[in-house]
Amino acid sequence: MTETGAATELLAMRDVRVTYQTSEGPLPAVRGVDLVVRRGEVVGVAGESGCGKSTLVSTVLRLQPKDAEVEGAVEVLGDDVQTMKWGDLRALRWAGASIVFQGALHSLNPVQRVGRQIAEPIGVHEPGLSTDAVDRRVSELLEQVGLSASRARSYPHQLSGGQKQRVMIAMALACRPQLIVADEPTTALDVMVQAQILDLLRALVRDLDVGLMIISHDLSVLADICDRVLVMYAGRVVESGTAAEVFADPKHPYTAALSGAFPRIGDQAARYSPGGLAGDPPDPRSLPDGCSFAPRCPRVVERCTSAEPPLADVGGRPVACIRAGEP
Amino acid sequence: MTAGPTDAGAAPLLEARGVTVEFLTRAGHAARALDGVDLSVQPGEVLALVGESGSGKTTLARTLMGLQRPTRGQVLLEGRPLDYSARGLRSYRRRVQMVLQDAAGALNPRQNVYESVAEGIRLHGRAKSDDQGRSEAELVAAAMSDAGLRPPEKLFLRFPHELSGGQKQRVLIAGALALRPELLLADEPVSSLDASIRGEILALLLKLRQELGMGVVVVTHDLGLAWNIADRIAVMYLGRVVECGTTEEVLIAPRHPYTKALLSVVPEIEGLEPVVLTGEIPDPTRIPAGCRFHPRCPALADGTAERADVAGACRTEPLEVLPGTGEHRTACHLDRVMSSTPR
Amino acid sequence: MTSASETVRLTPAQVARQRRAAALRRTWTSFRRHRSGLFGLALLTFFVAVALLAPVLADAQGLEVTKATGGVLEPPSREYWLGTDENGRSILTLLIWGARISLFVGLLATLISMVIGTFIGLSSGFFEGWPARLLYRVTEWFLVIPFVPLAIVLASILGRSLINIVIVIGVTSWASTALLIRSQTLSIKERPYVERAQVLGAGRWHQMSRHVLPNVMPMVFANTTLTVALAILAETTLSFLGLGDPTRVSWGSMLDDAFTVGAMTTGAWWYIVPPGVCVVLVVLAFTLVGQALEEVFNPRLRERA
């Protein structure tokens, strides 16, 4: 990594492994992930429930549960989050990076006006600020996320799902972070509202020159907004590349299935034949031998079960499938 | 194409005629969740009810199921109005079944899979009246394997928390299938499921239609899902059907500005300039005058309606309820003018 | 499909039995994790064993004033481990036989209270309309009436007998249970699985008995153990106020007698402390078990544990 490269890297994860110690033995949730988010860049992580993507998100600000053991390096703005001192970590959590969590729609305090909830982190971060200045900042933030400043006086129940998601994004922006992580930001929303939120996120990255990492199980959403996409399965990255490449020309059979799950309207091949996969993702405690995707893979052959395929270069981008190069 | 019978001449299996559902909100305002809906479902047909939240699609499905009594209008099964007595509903529910939204919550946490699937069989005494003389356990096993839970015996004793999301959804489908319904209503059957499981459940619905001749009404906000499995689509907005027709007609050649906007924001469709509507569906206590979509309508905003000389009508003239036939129709002043003039 | 029907060997009855056994095992496993609950259970087992084995542990003749062998208010000695009362009876014998009455009253009164409370709570929560509202009003009414005066009035009207004490306690203590059951019912009847049963063709009765009741039952069960503790306290209170059955010895009547003869002022602590400690221990035992059960059965508390 060159000096100039490191400077623009807001988030750098190198060979991150997370293992939960459970009463039924160790549970490897993340098994070696490399990921970089640069300034002005949107990076997507695609994967299903249980693939380790939410665990991965939690390591960005060392928010993982106590029983989780993290190996590898998680560097935010050049410092390793997992080893830094408490004070530094607090500063980082306030101003360096912020996370919009999944299910955030329910995490607003129902008995507090949203303006106060947005103001709270500002007050803690910049205690010298006058009340007027904080109020001005809250109004600015609300307008930045496409709500009128008068919304500050609303209670959460007076807002729709899309508006609540906007408030959550405003809260994430409150202390001017350089890196924003959004876990399933559009999952519970309608298509039209989803489009509105994606537009908003795109505009924020462009205007504020921040880095955005976005997690979703919907590859088409990621293809829409991301510069680069990583596809995770059973705790590992199985394919990565530019969003257009990954979505339009998936090399890994799992990526192909994800990409086929949401059909292109007008594609006659998808009429009366929904794409998908048989079976469920594997239990991380008892992963199958060899490639962990093999039991569900439509292209499985015998040698797939002998060893877990490493990420190897296929047509210019990394893919973890021994048959990816084959026609 | 394996499309189901959609010829308009056939007698519909299930019909909604002028169905209106009103609620009283806490504040005492009358909210009209459904405002006159005509809809018909042919035997063996897959119909998609599409719309955003607040469009009334779930209320319509609940009304079709008899869970919600219409304030005005009727639900008819083979031309006979639905009988809302306990006995009437019971016999109705033997023929029309529903898979509720939220597969995780729709299974009693204290009942195992066997009991959940057997519930309908017991309620209707299906084991006593089975034409092949099968026992209850055999019927449960058969319904579960039809729903793709194989081998069923292995899952009998599992409790809901021991099942994956896809399995829960299949158990719910199996419970409904055990009654051999002629029509299955499915409310957002895959929205809570992972992407890779989604295709399997949709394929299952298609397979059941093919093998059992069962009609399916699927309620969804996902146009891709409709493209995957539906024969016909009804697009809903604020308690009304605003466009209906075959899937190809509605999704490839949409005529209502709302449908066009919905389609344009589906991320997979390239080449369409996304028309992101501002705001959300207004609340049903305040239905706008004229065309209910006019405050958000992009065709009105960009002057297209003005040029076609219908802008005044859009703002003031209410639209008629779309008839529930198979033809491609829209409830739109602009489209009425556009489609009558040769293009 | 044929292969499926060939391999079916389990009858529904077997399925149900297996399920019950599995559920019981799971409950026990999670109960075992609560150390305080286990302690309570051990304590409880001890008292129940004492009550059941009373005829073996202490001669019933020791209860009769005319056959008393000891002196008046003797302090603990080798012969009388816990001393004697004003009639020369062994306190230990009284304590052992008193356990029977106290537990009997506690359990039976709780049963009455539970049946009334569950029925009224379930009905007022599940149904809508004026009968349900009326039941709710009655519940609230019983909840705000102070227990002691009402119990005194009832006990003096019905007369002083053991069964009347049971009835008085049962009839006055169901309201909080009914309220708890009602709030649980209100939440459970909105669950999607109750609606699913309706979709499958179930009537009100089926929905209530198969879906709402089984999901409320664990709460009833946990609440029962807490109510037993209250009922035993109530029995003690009533007996202490002289409203108990004069022909039976319970811990409450022992305390009453002790105060009547002025055991407090004469320093006969052995007459007051043992029944008092027993009441406290039994109430504690039921409370600990009840709290542990509540945590086992209430998923929201379980997540936190």
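Letters are used for the chains, namely A, B and C, taken in the order the chains are written, and counting of residues starts over at 1 for each.
Here, a contact is a pair of C-beta atoms (placed from the backbone, for glycine too) under 8 Å apart; a residue touches a chain by one contact, two chains touch by 3 or more.
All figures in this text were calculated on a predicted structure; none of them were measured in a lab.
Line, ring, star, complete or other: which describes how these chains touch one another?
Shape of the chain contacts: a line, open at both ends.
What chain is the most remote from subunit A, judged by the mean position of CA atoms in each chain?
C
Distance-wise, how many Å sit between the C-alpha centres of subunit A and subunit B, to the nearest whole number?
32
Give, as an integer number of Å, the spacing between the C-alpha centres of subunit C and subunit B.
51
What residues on subunit C touch subunit B, complex-wise?
Touching subunit B: residues 1, 4-5, 7-12, 15-16, 18-19, 22-23, 191-193, 195-203, 206, 210-211, 214-215, 299 of subunit C.
Show me the residue ranges of subunit A that touch subunit B in the complex, using the header's touch definition.
So the residues of subunit A in touch with subunit B come to 48-49, 160-162, 190-196, 199, 217-221, 223-224, 254, 257-258, 260-267, 270-278, 280-281, 296.
Mind listing the subunit B positions that touch subunit A in their complex?
1-3, 52-53, 164-167, 194-200, 202-203, 206, 221-225, 227-229, 247, 251-252, 261-263, 265-269, 274, 276-278, 280
Spell out the part of subunit B that touches subunit C in their complex, as residue ranges.
65, 67, 86, 89-90, 93-94, 97-98, 100-102, 105-110, 112, 114-115, 118-120, 123-124, 134-138, 141-142, 144-146, 150-153, 156-157, 172, 175-176, 179
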